[in-house]
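What follows is a group of structures, each given as structure tokens.
Two complexes come next, and they have one chain in common, subunit A, joined by subunit B in the first and subunit C in the second.
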Partner chain A sequence: MRTPFNLNQRATRIFRSPAMIGWVLFLIGLVANAIVQPTLFKLSVINSNLGLAAPLIMVAIGQTAVVLAGGIDLSVGSIVTLTNVLVVSLYSFHHTGFWLAAIFGVAAGMAVGVVNGFIISVVRIPALLVTFAMMSIVNGVALAILPQPGGQIPADIYQIYGSTVGGLPFPFLLIVFGVLLWMIFRYRKIGRYLIAVGGADWSSRANGIPVTKVRFQSYILSATFASLAGLFLTSEVSSGDPLIGASYALNSLAAVVLGGTALAGGRGSVSGSAGGALFLILVQNIVYFANVPSYYQTLVSGLIVVIGLATTGVLYVRSGKLHLTNGR
Partner chain B sequence: MLTIEGLRKEYGAVVALQGASLTLVPGTIHALLGANGSGKSTLVKMLGGVVRPTKGTIWVDEQRLEVGSPAHAIHKGIAVSYQETSLVPSMSVADNVLLGIEPTGKAGYVAQRSLRERAAEILDQLGLNIPPDVPVGELPTNIQHLLEIGKALVKRPKYMVLDEATAALRREEVKRLFSIVCSLRDEGVAILFVSHRFDEVYAICDRATVLRNGAVVGTRSLSNTSREELIQDMIGRRISLEPVQQKTGTSFKKQAVCLKARSLTNAELRGVDLEVSAGEIVGIGGLQGQGQTALLRALIGATTVRGDLETDGHQGLFRNPSHAAGNGVRFISGDRGREGVFGQRSIYENIVIGRIATFPLWKRASQRGENQAARALVEQLKIVHHSLFQEVRGLSGGNQQKVLFARTLASKPNVVILDDPTKGVDVSTRMEIHRLLRNLAGEGVGLLIASSDDEELAEVCDRVLIMYEGQIVRELTGDLQPSHITKASIEGAQSEKGKGAETRADSL
Partner chain C sequence: MTFTERAKQWLEQSSRNSLGIAVGVAVLLTAVGGAFNRGFVSPSNLLNLLAISSLLGLAAAGQTLVVLSGGEGIDLSIGAVISLSAVLTSQISNGQNGLLFPAVVVTLVVGALLGLVNGLGIYLAQVPPLIMTLGMSSVIEGIVLVYTQGQPKGQAPPFLATLGTGQVLGIPWLIIVWAVFTLIIWYVLKHMVYGRLLFLVGDNRSAGRMSGVPIAKLVVGTYALSGFFSACTGILFLGYTNTTYLNIGDVYILPSVAAVVVGGTALSGGRGGYIGTVVGAILLTVLDSLLTTMHMGEATRGIINGVVLLVLLSIYTRQPKDA
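Up next, the complex of A and B:
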């Protein structure tokens, strides 16, 4: 029978895949950054850039899981903060060991995810509202735990974070760890079902997929990654700050969208989100090293991000994912 | 053996199925027939576990099926190919075919290779030569429907349900499907075949159960049942067995044409021509999902379509519904909640929006006079309310529908296009709405009404066009009887595609 496909199809598929956009943006950013900052490829610079990127990539991976399943998680930033203040204050003021504090911090973050998931999937309240409210609540809890920046973590943890292991920057290994952790889920049933539920929830139900459970678990996943991000960030800054995670909610969403994941769910990839997150980090660098006056830095970096997002949007329409009406 | 016992489903006050019973015997193909809204799809969805019955049980091999659980239905060996398909457009062919039953390895990972192998097997069986990693959403509809069938096949079911599985398929694909289905039957699978094509039903089925208005009329052995008997079971009334007469219009005097469409074509429409004159009510009938809704949406520019359109003072297709409204062509959707009323806004606002929607965006929407006009319309249409400023969602369905009419009237349209105007409306309001439609036509407005309710079409229309697979296959004029419309709809489905085009050429 006649088939509308040809041999180039696999190649076109790769180039048209949404994740491509994230990585192309990342490469463009890398070139631009290298031009304005010739020292970019020195090990210490790579190390510090990846150190900044690792927490954002972690948060973005979790956010991707939720967005793929058709949801949104605005509470990830507050989870980052919660883990940070818990770990630091437990270690500094309550003298638990660092690892015990870390376990507590991550568990508390995951608990937030359980509450989110329950309210959204079982009680069925829109994710935007639930996670927005949860963001306020958790930020409030973080402030109660640690009203002012302070505290510390063991010096060796902080030093490992800035060092290399076997010639590779330690933060790079953490990113690899995050991606591997994601792959554990991606290639099991849950990974497929996230996409199925976000792509067509009636169909998912008809095929016997436990839709409620999948939604529930997507929020636990995102909280887990966010609290691991909080742990990484704590190792990087080596102190506690009740406002530390504020930027992560929207930055992670920006990374997800830049990486070509559809906010409506059902389409996208973690690899794209990682590219998007790296691009966001590079944009900060570019603006700084291009000698943009400090007053205008946020303005310029914002503009670059908007252009990136618009590119993603245009490519999406081009690839026929959006249907316009008669189009005249 | 699968036995359905007294299945009943109520949606609020509407009874979709009132105690249906039937038995599927292994090694047989059982047809399920019925006109629009007879409850076929509801029954199918209950078998698949997607819809939970209000009452009744399903027994599978002497065990009670846990209702409302698709996973349990699949576990019990029931596989359903849904009419609207249960595919995930963004996922690949292979992933879709095995969705929900992915083979997994020891560590819980999905076994990619065996998944692809099993998918390839099914694609082979269906004669599909497509790469297994294409997203399903990019494939043509006939292939999507074949994949939907493939999803049922791959489960190696004991009970397979095919809901209008052949509707989107080409002839050679239907042939292949039938050879697969027949070999399954010989292996002892019980198949429930839902279709409106008698040729196909007679070709492969052993027995047929007919549903009418949500109730089982009877189960007959097909070897000693004629088509006419089946049609009568479906329609419920003895009617003449000669083909419906297609008289030329005498009841309606032609006036100026106010809507004229030529060869509208898109994914769902295959060259539709149609004309509506001022003061005329034209109905669009046919079995469900034959492109009626697509036609209405194409006319108002809500979907992409090729072809030509001409209305009073406008030449060419409309860009979007707002463009249509600006040219006096108004649409009242059949989906009242989502595309009709603004539930949380007042009656007043819901009416006024009809007039001001086509104003320039920055034009001041003056309140003066609007109040009176809206009040007059509310009185005229007898909308039951306590205040003009109460929320519309508090009104009954019928009154909400009337608010939509008031909105349309306020805009002084030339043409009104309606989709199922009395869906979920009580009998007296329904009569009022019918009277309204007549009055509207009396004032010289051209009306185009799609309805799945043949009595409604017979009652209000001057002329009824029957659609089948995106084409107008019949035109009925003169003394319209509901049973004639139903019969023409069912017969329309029996005519070959080429023959359908002929009939159309004759009658238009």
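Up next, the complex of A and C:
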């Protein structure tokens, strides 16, 4: 007689979990999108949507790691840009092979994460300000590397990114790769530490968790995911642009919050963030295919996002003593 | 006491005096500018620098209040509100003095209302301020696009243009306007109930709540005030540049936060004040102007701005080890 009870309990747990909000929003977005764009479920359309979604999901995963540990990373967009301009200009103007360029691009992005992590955890300066200043620096570097949009990548890379493998869209496999990469960390010590540190950093320290180290690592994680996102985005657009990553700081944070992760840290999940990221991509689609006049598109998509955020917030408040912020 | 001990102690004490550091750095930067180019320290250029600082200073006024109010308060919609305000004032007034008054009234009301929406989302729906105000930015940018159909037109009425670029007795009007605002904000923060409660609530919300402070009104009102100040900035910006284009306010988003922090206001709320922000705004303006004088390109300016910000931050926003 225990099974139904357990099932019930399990269902309750799933429905009460904060990640639920992200996935419900995603489903609503999916239905709305399918109504205005009947071709939504054609493989080629799914493929191109996932191609756009993969970079955002990657950035959102990294952002979730930092936010879980009680931090924030505003420099993710600039890291995406840095990887993009480095890969493209190394390949097209310095004639290194693509893969060497890719390794350099990702390594440079990770280096930014190391600097962020060091200044935030060891020098102990508020993350918001550090990553904010870092954004300005890294964007400057990117602009110096590639002052104007241009360059290219090998055509086969672009084609592979848009192809299907075994009936599955290639970007989907990349998303799975990103999630698996996260899982590796999540279920090891570092993952548990991230959440412990974000939830209660003083008690974590008292319990012997290396708080400084964990914080440091969270920024390297986020930069790693952001630079992989930069690599994916480069494969998607197949050229370089010094402003390409500008929207990722806001969108990754919005995805994290829509996915029910508390910005205060310690509570949340990557799956929720992925749902939130997919929702954000769908919103752009919906606005476009619903024939909203072009001047209204920014307004409408902005409104949908704000309403989504407010709904998430209200649900969070309703759900008990959970709060999205520390402040209240 | 040996010399090194004394030096150490002096460094430690002065690192707590962020206002002093900010003033010192601003003076130093000005001196460096003077060394590069005599014209940099001429009275007319210094007054001009102050006039440009006044726009950033006003934009950062609302930011200061919001940060002081605590709860991770921050307003990143400032840039969008400034853009919208400049566009609204120029299109409603249509370049005529006669229509300036209604244009200003509408602009200020819209600015305050947008701030109010921020405040409601943040306080009632508990959306983190950073996200709420960023989200609102894109909504407001959307409003600007719809309102202008992508092509803002119009210009500043002559009266506003005089306020933005004219002088009285050799002193730019902008500086005088800023001085008046500064005096009022200083007085409100130091001597009026709102100001005192803002510090209390920013420092400790539970204590505020238990002492019966109407926190909801206070916090939501503070975001509305921030919208109001951004609207003021937008109106004066229109007077200063005499034209509008889309997203003119974006350049103020990050510097407004930087000015607040450089001026010694704690991002955690409850500590600081507007005088620090005034110094911070001047410092950042001098820095930017200095880099322009030295013919640095946009890329180098961004890099140096960021590095200087990081260095300043590491001097005085270091946190205690067990925070």
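Of note:
By our rule, the second predicted complex is superposed on the first by the 313 of 328 C-alpha atoms of A that agree within 3 Å, B and C clash if a C-alpha of one lies under 4 Å from a C-alpha of the other, contacts with A are read in each partner's own complex, and residues count from 1 in each chain.
Basically, a residue touches a chain if its C-beta (ideal position, glycine included) is under 8 Å from a C-beta of that chain, and two chains touch if they have at least 3 such contacts.
Every value quoted in this text rests on a predicted model; they were computed, and no experiment measured them.
Within the superposed three-chain model, A:253 lies in touch with subunit C and out of touch with subunit B [touch as defined at top]. Once chain A of one complex is fitted onto chain A of the other, the partner contacts of A:202 extend to both subunit B and subunit C. Once the two complexes are overlaid on the shared chain, A:298 sits against subunit C while remaining clear of subunit B. Counting residues of subunit A touched by each partner, subunit B versus subunit C, the larger count belongs to C. Of the two partner chains placed by superposition, A:97 touches none, neither subunit B nor subunit C. Of the two partner chains, subunit C is the only one that A:313 touches; subunit B does not reach it.
Judged by the touch definition given at the top, the superposed model places A:267 against subunit B, while subunit C stays out of reach.
Shared-chain residue A:135: touches subunit C; no touch with subunit B. Of the residues of subunit A, those at positions 202, 205, 323, 325-328 touch subunit B in one of the two structures and subunit C in the other. Listed in rising order, the residues of subunit B touching subunit A in the complex are 48-50, 69-75, 80, 82, 85-91, 95, 99-102, 104, 108-110, 112, 127-131, 133-134, 138, 140, 151, 301-305, 317-320. Residue ranges on subunit C touching subunit A, taken from their complex, read 70-74, 121, 123-132, 134-136, 138-143, 145-146, 149-150, 205, 254, 257-258, 261, 267, 297-307, 309-310, 313-314, 317-323.
Taken together, the subunit A residues at the contact with subunit C in this complex read 72, 119, 123-126, 128-130, 132-141, 143-144, 147, 201-202, 205, 250, 253-254, 257, 263, 295-303, 305-306, 309-314, 316-317, 323-328. Contact residues on subunit A toward subunit B in their complex (touch as defined above): 1, 3-5, 9-10, 13, 187-189, 191-192, 195-196, 199-200, 202-210, 266-267, 320, 323, 325-328.
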